[in-house]
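Both complexes shown next keep chain A, but they swap its partner, so chain B is in the first and chain C is in the second.
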Partner chain A sequence: MDFKEKVLQVIAEVCEDDVVKEEHDLDIFEAGLIDSFATVELLVQFEEQLDINVPITEFDRDTWNTPNAIVDRLNELK
Partner chain B sequence: MTPYSSFLFFIILGILLLPTMILGVMGKRLRYYNVFVTIVVLAIIFSGGNEGFFSLVVFTILQVVLVKGYITYRQAKNSSLVFYIISFLSIMPLILSKILPILAVDNWASFLGISYLTFRAVQIIIETRDGLIKEQLSIFQLVNFMLFYPTISSGPIDRFRRFQKDEEKRWTPEEYKDLLYKGINKIFIGFLYKFIIGYSINTYFIANLDYIADGKFTNNLLYMYSYSLYLFFDFAGYTAFAVGVSYIMGIRSPENFNKPFISRNIKDFWNRWHMSLSFWFRDYVFMRFVFLMKKKKWIQNKMLVSNLGYILLFLLMGVWHGLAIQYIVYGAYHALMMAGFNIFETWNKKHKRWPTGRVMTVVSIVITFHVVCFGFYLFSGKPFQ
Partner chain C sequence: MKLLTQIAQHAARNPEQIAFRTEDEVLNYRVLWDRSSRLASLIHTTQPERQTPVVVYGHMGMDMPISFLACVQAGHPYIPVDISIPMERVRLIVEKSGAGLVINTTDSMLDFDNVTVLDVQGLQLEQEELISDGYWVKPDEVFYIIYTSGSTGNPKGVQIAAANLQSFTDWMTDDFPLGQGKVFLNQAPFSFDLSVMDFYPALQSGGTIHALEKAVTNKPKIMFENLSRSGLQIWTSTPSFVQMCFPNPDFNQKMLPELEVFLFCGEVLPLAVAKELKERFPRARIFNTYGPTEATVAVTSIEITEDLLAKEKALPVGYPKSDMSILVVDDSGNPLPEGEKGELILAGPSVSKGYLGEPLLTENAFGMVNGMNAYRTGDAGIIRDGLVYCQGRLDYQIKLHGYRMELEEIEFHLNQSEYIKAAIIIPYAPSEEIEYLIAAVVPGDHKFEKEYQLTAAIRKDLALRLPAYMIPRKFTYHTAIPMTMNGKADRKKMKEEVFA
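So, the complex of A and B:
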């Protein structure tokens, strides 16, 4: 499994919806798939499963809003 | 002089900002002239004697020392204890300003805008802890951010890194014209909201309620709705002034309101009402609390963690308004509503009992509107008189 697939898997688990694996430009906040609580869960999972530490204050909803955007941001932080 | 409260203030501001606009339209840098404007306006605001000028000076020095000291420390080490101590010292003046009035002593710690300025400072400390602010900041950068006069008295609460990007930016004439247009537009919306609609509701309706309503129940009911509307138009009007003037200064301060009365549920409401404050609490209190609980695995139950987070957030938000019974009850009320909605939402996700569709959306908006108005009724203090 490549990096992108792994990230999408984590997002799908947290959102409890596989749609994010198909629609990579879906705004997960606007679609109501994720809230601030789930966001924290996402950050914890990134740390545990991918070993990437994303500070809460780094997670800006405007730039971390779609699966593609999240993959890009994580690539920058890797 | 209280900002945006009199026409004299607007006239002075208009004259002072004229060179800013000319420089902006010519595509020149705004920074140096804006510093001059800031000093003059701060002098006008704080020269009345009741605004706590000396407390403001001491407060600013304290925050600069704490922030600069912590950044230097953080470049070498990262102990949680030091972070908590520095954060506590940073909010100490705010705590004092809330406690002193209860002890019935002179409130020497307080000054106009302390509640908002504290959040600007603490936020820098938290982002330094998270490693997002690594380089030492200059005294100019810190003071310029903390004492940015358009938003000094009641926000909106900006974020340092966002503010800094705008502050360092050299706007092209086209970009600045767009900002100027938006800024002036906002200021006129402010006039409409605060001085026409808000003023009218308060003067012609709320002040005459005793003649309009006959029974005690009707009186309180009408007060609840009219006060809620007044609160919105007054505060949204103030915010439009603050944001509009920021735009003219070349800083895109965040918005505070996004049609709060069409919220579909209480969670939605807190994404639309006093946003810069609720987002501050969301990012720096709620999410950090949840993160800590999850990482340390102290509490496993999801529902319990999020509800405890809401209780913490809204009780803090209540006390932040002041240590009075109405604010504490207001905070507790919203904590209860959020936790209740959280349980309902999770249950409904599984059972899908709440029908969807246009009619139900309207029903949800109406229910939320009433829940929210009752909250403002508590907030107003009228039930506790």
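So, the complex of A and C:
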């Protein structure tokens, strides 16, 4: 699995929906797939499964809103 | 009414003191009192019939507190409706409540059949008179009405009288170390009565309400910057909200050096959360409270001390408010001896007069015990050494991150969807709290190729009628809903299937 697939897998697990693997530009907040509580879980899983620490203060739902955007942000933090 | 008199006194003696502030707005006691008293006159002229409800629509702008106080000064109860509530549900509330007026504090256009909308943003009120205290809401009149989820698919309005609220506010300011002129956190939207726990105690004691809007809590970076400069002294939130702050290691006494008290209500306070808070805020005191909207926010309290944390496996919700009696009864309503589990019954001056315009629902849930108004909570619990412990529900009402909802109401709306033949909701609760909801669905005929497309269509449908917090996070699809011997949906079997 390449990095992008791994990230999409983590997002799909937290969102409990495989749509994120298919529609990479879907706004996951607008679609109701994730809320503030699940956001915290998403950051925990990035740390556990991908070994990338995203401080909660870095997380902004305007720039972390789609699977593609999340992959880009994680690439910047890697 | 003492509460209103006190606010008027603060405005006279300490006019520049800040009553309410958000990320970009500040409202002092002088403007709060002056504007609300003038707006009250305008409300009175347009709403001559006393006690007709007024819907106040908005989020946390300063026109919200102004409008609340204006309604009650004019003798009308207000119904707070947050912008997170979908328009179809807002319409239902406006219609069912018989509201005579909707006060719009937002800049969106609102339109209702046969009900006037008053846009208050930037409204000129200087021409209006200051209303006299003769019009204020009387003790047995309704002060606010909060709509909560109803199992039949429609929300129901809990009527809280001025005397109910005064009793609650006095208990807060007398029995908790809230002092005078402190800075209180308001995290909950006003349509959720947790907000009442900080709002009126703060105003009665001349304090400042520091409101965190959705736009702030949605962005952790902005929220923590906001908290760092807040000077917060009294923290009021759901346990879920404080838990959401924990991933930031800087969330501690250093970030909020003046914090004295944590007040929790709205859902179970997990032991682990209380322990972690004690470590991060060694100087602050923590209080757990419990109560349904029908008994005015909260009716039990206890300070969570190190001793208690070491002794208990699950935290008690506390001792009854001194003027309240709490009974535990069996399923035929007979009182049980101390230490036995049953339904919690609350009796005393905190109990509401019932649901607006719903005599049957009111009769089922309310009654009299020893000459006092009483409410059957539907909460299972026990009392041991005078301490109340909650142990879940007797029906399908749940709390998710502090929001109260009826699973049957969500199911009702799911079943309305053209894509669904049948559906039931299964709460996912790996430990003591519910983390999210799962909809187990038997789909109807549809043209979608993939399940996620179907899910997206159902979500879109639901969002028209239910607030976001009531929409299930996960959808699973099945060929049939298992039934019990007597023909009811077998929730237990369905759950096994979902988690198989």
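As a working rule, the second predicted complex is superposed on the first by the 78 of 78 C-alpha atoms of A that agree within 3 Å, B and C clash if a C-alpha of one lies under 4 Å from a C-alpha of the other, contacts with A are read in each partner's own complex, and residues count from 1 in each chain.
The rule is simple: contacts are C-beta pairs under 8 Å (C-beta built on N, C-alpha and C of every residue); 3 or more make two chains touch, one makes a residue touch a chain.
Remember, predicted model here, so these are calculated numbers, not experimental data.
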Identify whether chain B and chain C fit side by side or clash on chain A in the overlaid structures. clash
In the superposed arrangement, which partner chain does A:D17 touch: chain B (first), chain C (second), both, or neither? second
In this superposed model, does chain C or chain B come into contact with more residues of chain A? C
Let me test your reading of the model: by the given contact rule, A:E58 touches which partner, first (chain B), second (chain C), both or neither? both
Looking at the overlay, does A:E5 come into contact with chain B only (first), chain C only (second), both, or neither? neither
Please indicate which partner A:D35 is in contact with in the superposed arrangement: first for chain B, second for chain C, both, or neither. both
For the superposed three-chain arrangement, which chain C stretch in 331-339, 367-375, 385-393 or 403-411 runs into chain B? 403-411
Residues of chain A contacting chain B in one complex and chain C in the other: 35-37, 40, 43-44, 55-58
If you look only at chain B, which of its residues touch chain A in the complex? 126-127, 130-132, 267, 282-284, 286-288, 290-291, 294-295, 302, 305-306, 309
Once bound in the complex, which stretches of chain C touch chain A? 217-221, 224, 240, 244, 247-248, 401, 435-436, 438, 450-453, 455-456, 459, 463, 468-469, 471, 473-475
Mind listing the chain A positions that touch chain C in their complex? 15-19, 22, 31-33, 35-38, 40, 43-44, 55-62
Sort out for me which residues of chain A touch chain B in the complex. 35-37, 39-41, 43-44, 47, 55-58
